[in-house]
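Before I ask anything, here is the structure I am working with.
Chain IDs A, B, C and D follow the sequence of writing; residue 1 opens each chain.
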């Protein structure tokens, strides 16, 4: 029923919509997959911290019926992008089950990227699959000569994305933390953060982690950018579904005004 | 979410419900697939003219959301059953796309079979995939020594299920008719029916074909059993969704009172 | 079945909160041998009217996005045949599962005749009154006409002391109004919800797919509407509510229970998988265990909301 | 676009019958460059209220079986900012696609203020009045209160000579009653339908998923309800009807058109695939060609039914 038409897409900065073939999809840790898709236009244009909406199109009614936002974790010169997919509910489970040759409907690149300044040290703090945007960021920024540190926390060893692969993608080994101490350092990843001196801290992970970082940033006075998560309808600013509270009590759209925000622009009171 | 539990199933004649693995699924003619599933219990119990409800279970929301009735076209001693699937709408298209190893949810065997008497000649008149029940019937009845003729009509050659395969399954070559004359005899399959002498005619195919047969049966006075089609909800008599009009103006359930009826028990007025 | 699944309600004990919905389990017997009927909470029979009804021309059912449409036309054998042919099987074969008889009529008198005619019989617990039936006086459904509904419930209350459960119609602006009318007129419980009016068109033939032109929509598609209406109904009155609509998993059933349902019913899902009700009640038991909840009764109405949002009619958009 | 797709209605010509629905296309600009907006029939803006509205807390959207729930809370920039920041883009960038402004209010006066405030502006064709808003007098929705609806439509008619289209609420026993009230009070057309009230519960947290507790259900799940309500509305009045609800293909759109819709709107499907509206209108063109139909206008209300079944309220079951 659904035509396989690719409608005229506009000039940058409008996102592109296309059916992208799956190149590979590998289980890389407990409940975690590395999904590579062929998407030359998105690969060419995506900036660190941007995301795609990924879904299965209009004939698919089971989850994901609505497309889901996923950070772009990697891009290759030959037009592939990589997503780090954690199986959470039924929607991500269906993405985890994608097989090479099958297609997903992509819309992207979307959202505002992390903003880096060359003069400053950059520390990325990743909780769980909040690692994804820092794979592309650390890799590309280091190759541009920026000093980037990567702290990566998981609950336990079985969930940790292969450190060798991380090193390959990012050009340096990450500092790994597990809450149960089964791999790397024992404790919360935020414990590893040394934010002294001129530094830009980037955070991506569970809200509780981001809140802890934001508390420290406020107390210690360092610059903090965070990538937030919220349910999304459209990903492009039409539905107003994806709001987060700003520090001055307004609603900001995670999809177009974020997902990366200055932590000081957001409200961090719980609930 | 859905447990892969197989609930206690009762004694015969209650149908069985189980997730059956696809053994093979081959395109055998234009828009036509031969689907083999592993279903030992149904294979053991099914009688010619009975059907199964086939669907994908509760997690599947796209067509077929409701399971679809399909005549069992074949069974093997080692527990496989064969269905002849014509791609019609979205539901049958999804069945046509099934791959080996994937599972479908089966409920069967269901419905009343054709009733044959040893003393009589049997002529099967099949229109399109109405062929399915006659593959199992002709094969098994002939091996029991009954004289069975098989007339099989399609619109045109490209849709004809491989005559060699039919012969293998049924132990004798069918008489093939195409409406455009591109294979076998030219014309309607009902034209080929010689119903003289003591004969039981069995019909399965489009309603227009069955109506034509019923008209001749009434005029010429031969015994005619037909297998009818109607939308089904449950397949087991609970929903009353699948009714056909009886000769005396009542509604009969195609799933439990049919799908095989004496043509004289049904109303044949159109609409 | 795990003891934590049982629910005391309508003066009896349901061994599990899961029943089969009216019109989707015939008169029970059709599922005999296929599923362990007597291990369920119970079942609700196909509608029974005072006279037999022939029902609608085909097609009577078809698939819709994430659901189905049906217009059976309330075909049923009628009161006498129900007592003679259907009730004995239920009486003899169900020792633990409870039976509710779904009742329909064209007039208050017809409903009352079914209840009066059945009341002395054995083999069932009580009545589920299907008020999504056109009232010959006026043409609207009993279930969307406040006066007719009140009168009907009051009348049936006089006919019987058995549990009297009214099955509400979903397409009303505020189901709470109808819930209160039922309670005030003596109903013991409510079932929410019946199907939504809908229609499916064969665009090439330019004809309705369904012989009756329109029909009722059921299945997963209506789940969130059913949960909402159950929540509204349960908050609007103090009689027990049975949650119905689109349930296909324990998670779905638990949504209804947290919204305020004491029992739930499974309809369309039994067509998709006859084991649905069994799977759902097993899944509820597993949930109780994993969450450390002793009895499902502790979850009924356990939804936590902040008070501000609760009262208002929801704006759309 | 193929000429057979155009529809003459509301005193103008829509180049195709396919519009984007309110709340799912922002103020147009958000889709610029992504889809060829100016090749569509048109779009309906996000609701505009006289003052800005902040909307509801998150989560505001979530997936439901075959659809979605939303409770945005009618967040919008308000009349003044709409005129200053949003309307100019529409005026300057859409030469052929028509724009309807979706209007909301808490009182008749608030609705009237938006219409009066916009009426002299350029860049839009007319109004779509969203009556699924709670009326501060009484608390029920304008769209489920016959008196309030009649008064509202009559008042807005006095404020403007532009096309005035009333977008009806689905959860009423008989939408025909509301259709006639709109017609009698001077509406030029109807939009059917807005979302169905629904709810989704996170069973582990025992909390509503949606910040506002309940929300509106849209998407494929509501398709057959929308087709039915469009058919009932179109048969109950003689003003044009815009069909809305769950459309994701040309086939779906054609169901609405055969049921009586002159135009259709695509909502949720644009989230699933931004190209949905384009695909739908191309598919309608292909259907016209394959069926040898010269103009889509020939199909409007072309459903063939036998007369017997048409009038009655459908029994459920």
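Following the convention adopted for this analysis, a residue touches a chain if its C-beta (ideal position, glycine included) is under 8 Å from a C-beta of that chain, and two chains touch if they have at least 3 such contacts.
Note that this is a predicted model, so its numbers are computed, not measured.
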Intersection of contact partners for subunit A and subunit C: B, D
Chain of greatest Cα-centre distance to subunit A: B
Distance between chain centroids, defined by C-alpha means - subunit C, subunit D (Å): 32
Approximate Å spacing (C-alpha centroids) for the pair subunit B, subunit D: 45
Length of the line joining the C-alpha centres of subunit A and subunit B, rounded to whole Å: 52
Distance between the centres, which are taken as Cα means, of subunit C and subunit B, whole angstrom: 35
Contacts with 2+ other chains: residues of subunit A: 1, 61
Per-residue overlap in subunit C, given as positions that touch at least 2 other chains: 23, 46, 65-67, 70, 72, 220, 251
Chain contact graph, described as a line, ring, star, complete graph or other shape: ring
Interchain contacts, given as pairs of chains that touch: A-B, A-D, B-C, C-D
Subunit B partner contacts - residues on subunit A that touch it in the complex: 1, 59-62, 90
Subunit D residues within the subunit A interface of the complex: 23-26, 30-36, 46, 54-55, 57-63, 65-68, 70, 72, 75, 219-220, 248-251, 269-276, 278-279, 282-283
Subunit C to subunit D touching residues, read off their complex: 22-23, 46-47, 64-67, 69-74, 102, 104, 130, 132-134, 139-141, 144, 169-174, 194-201, 203-208, 211-217, 220-225, 227-229, 231, 246, 251, 254-255, 258-259, 287, 291, 299, 302-305, 309-310, 312-317
Subunit A to subunit D touching residues, read off their complex: 1-3, 5-11, 13-15, 17, 55, 57-58, 61, 63-67, 91, 105, 107, 230-245, 250-251, 256
